[in-house]
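For clarity, chains are labelled A, B, C and D in written order, and residue numbers in each chain start from 1.
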Amino acid sequence: MPTPEIEERTRIAKRIAREFNHSQQRMIINLGVGIPTMVANYIRSELVFIQAENGMLGVGRKAVETEIDPLLINAGREPVTQTPGCCYFDSAESFGMIRGGHVNATVIGAFQVDADGNIANWVIPNGRQLGVGGAMDLVSGAGQVIVAMIHRTGKGKPKIVRSCSLPVTGYGEADMIVTELAVFRFIDKKLTLVEIFPGVDLETLRRQTEADFEVSADLTEYLQ
Amino acid sequence: MPTPEIEERTRIAKRIAREFNHSQQRMIINLGVGIPTMVANYIRSELVFIQAENGMLGVGRKAVETEIDPLLINAGREPVTQTPGCCYFDSAESFGMIRGGHVNATVIGAFQVDADGNIANWVIPNGRQLGVGGAMDLVSGAGQVIVAMIHRTGKGKPKIVRSCSLPVTGYGEADMIVTELAVFRFIDKKLTLVEIFPGVDLETLRRQTEADFEVSADLTEYLQ
Amino acid sequence: MKHPSKIVGLQEAIGAVESGNRIMIGNFGMSGLPALLIQALVDSGAKDLTIISNDLGTPGKGLGRLLRNGQIKALVGNYYNWNPEVPEAYFSKKIDVTLLPQGTFAEAIRAGGVGIPAFFTPTGVGTDLAEGKETRVFNGRTCLLEKALYADVALIWAYRADALGNLTYYKTARNFNPLMAMAAKVTIVEVEEVLPAGALDPECIVTPHLYVDYIIERKPPHADA
Amino acid sequence: MKHPSKIVGLQEAIGAVESGNRIMIGNFGMSGLPALLIQALVDSGAKDLTIISNDLGTPGKGLGRLLRNGQIKALVGNYYNWNPEVPEAYFSKKIDVTLLPQGTFAEAIRAGGVGIPAFFTPTGVGTDLAEGKETRVFNGRTCLLEKALYADVALIWAYRADALGNLTYYKTARNFNPLMAMAAKVTIVEVEEVLPAGALDPECIVTPHLYVDYIIERKPPHADA
């Protein structure tokens, strides 16, 4: 039996994979560490290609046992496999794809997202972190920015906030937020609830969400 | 029997090739059209590699007959051959080499070079020319800029002038001028005669050279 | 969802071009020129085009046909002395021409592709081609500010494609083609041969498939079109 | 003049590094790391180094050894959370650290290699990493001015070299290595294998030999040094 947390993380990953699996367009996507990486497990469409910013297009599934090649890793340093038609390139070419707008979507984790679509996901200023990775490049360069995160922190604090208190990675860049409770989209720049998980009522959701949000006229059940 | 003009052009090409053949350092060189291209015929050192700005390092000799491949050309659109260890790259990489200072020398033709090392070699404003090629990139980017040219124009006008009257390609970029009569170097930014061809006297040379020039204390016969 | 083929007919591909578009076309003289696509562009009759290319071929050949056919409003490029009809059209004010040093031209196309809107370069400072351009000194050297180039459509040539649209090139026919593939909204490539996905060495792919929208496979009867 | 071999011993190669130098080192975590060269740099005891690299490995491993050995004055790079000793040294003011977004970092190294002293990019605008940086709007989008990165010496890894110094890479171990090869005054490469000139496909060479000064060939006994 999966733990509730694994079940929730899986739910988020599946919901985002569904987004890509339903695309009629070829999608080049980049997946951050954590829940975003899990999205790869549920991709079913041949139109979806995974880019890793350390220099690969066509990332396959995680490598296991004898497949492991320490020189073939994703940006989270996990050993991965390659898919037919994959290719390798240097880091300037890789971020050229991202900055140039050729990566259609990025799925990222976040510490906070606020009502203006600002994302804080690169540093908690606790004196122990020093690193930015590709986060700023991805949120500013990728077409769609999809935030994948558990709705609240481990201590129960809201992560969808009025205004980010942590250092911001990119301003107004979020397009979609998927948590275990709900799916939000930024529609006309307004944070809008579009799907809610069965059994979650709107009042509970509002309590767990610091930011005010609109409710879509087309609000549906969380798609699975 | 070669015509006097061919003999003079060959002399210039050989003199410049000598410069490269005597280098103890690996030399990456780029050769412009005309006399500069002829320099390749006299390269004897394995340390010298020819770069063509249309995307090749390791250009071989001119292609003849069955060797001709219309897709393998130098920047003057002449069919060429490849040498072992050659490689191909796109135009941005090619000019990255040039702009980045990785090409040690360029040999170029010129309409005029002046006493300040300014070079005019890209356009005669006669209403019939419209093109710059790689001239500006090469004179500003390459390590040594060697001008290869017949001493005067077909009409007998000096080409080594006080101040360029034609549109300038690069300011203060010339390092060496090789004509059929003499070799000049810019030493401490001063145009300096360093070699003179047997039978040419200094007075004649001064008459055919509009720019004033210093005479090196180490003036020698034109090296061949 | 199955991956649909990018391999299309010439008519469908060239339908991406509209009058008034900015079109990048890969070539260096006749090397690396997408000849079938250029023929199709001539046949399409699209007008008021801005052609962004190294040169414009020779009179009435290659890209030179677009000029004879009255389809060109403006050129952005490097070297037109191989086609005297270009200076003639420019000096008689029939077309606009923007000249760039070849390296600046190449870098500006790459910049357009990789999302760099402008860059500084020491090339061309003080020359006629620097007129009106901002200058700034870096590390003691004066540089010009140059802007990225973008296009609506790129027509390029490559040697081989795989079914996904990954591309490899051939000798000096590579030139501007991989750069232009990145800098246009729609990229159409003419190739000699299409292989199955996975047939090209992943270490040797020059243009990854995400830059390629349509593929035209040359057939021997058209090879010298 | 015969072409002299670029293949040298570790001692001769690392002799190019002096205390106070700016050193680029290729890696992404442990992938594409020149392990023998790093060992030699540790052994050399060169001090006050500025290390320009994506990350600094993990504590006491890979590039992490340079920090433990007290050889580092400053870091310019992207991500140090894999090695908590780096934040610790920075926040206790033992070393300087300049962080750049990964794409900006890569582009700045390339820029150093290709003679572009500075470029504008939309990445990072308004963030803590934009502090003190000039901004300008292009095409309606605010961008930062970022400067090129240069080094005295680059220590890189490649899969294969030919005798001239042309290089090919392997999978995601390519990362920053080809970029750093271009941006340093002296480039030293550690390779798995050296082949004769002409043995590498001219279409597949990633780093042309003009960027390479010295080659270290890994021998199996040292492979896990």
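In this text, a contact is a pair of C-beta atoms (placed from the backbone, for glycine too) under 8 Å apart; a residue touches a chain by one contact, two chains touch by 3 or more.
Not measured: the values here are computed from a predicted model.
Which listed pair repeats B-D comes down to matching contact pairs by residue number; over half match for A-C among A-C, B-C or A-D.
Across B-C and A-C, it is B-C that has more C-beta pairs touching.
Here the CA centre of chain C is 33 Å from the CA centre of chain D. Centroids of chain B and chain C (each the mean of its C-alpha atoms) stand 30 Å apart. The geometric centre of chain A is 56 Å away from that of chain B, both derived from CA atoms. With centres defined as mean CA coordinates, chain C is found 35 Å away from chain A. Along chain A, residues 82, 88-89, 92, 95-96, 98-99, 141 each make contact with two or more other chains. Those residues of chain D in touch with two or more other chains are numbered 107, 110, 114-116, 121-122, 169-171, 202-203, 206. Taken in their complex, chain C has these residues touching chain D: 107, 111, 114-122, 136, 138-139, 141, 143, 147, 168-171, 201-204, 206. Residues of chain D touching chain A in their complex: 28-32, 54-55, 78-82, 84, 86-88, 90-91, 97, 99-107, 109-110, 121-129, 169-179, 206. Residues 52-56, 69-75, 77, 82, 88-92, 94-96, 98-99, 123, 127-137, 140-141, 167-171 of chain B are the ones touching chain C in the complex. Partner chain C is touched in their complex by these residues of chain A: 21, 23-24, 26, 28, 44-47, 49, 51, 57-58, 82, 84-89, 92, 95-103, 141.
Put simply, chain D touches chain B in their complex at residues 1-4, 110, 112-116, 162-164, 166, 182, 196-198, 200, 202-203, 205, 208-211.
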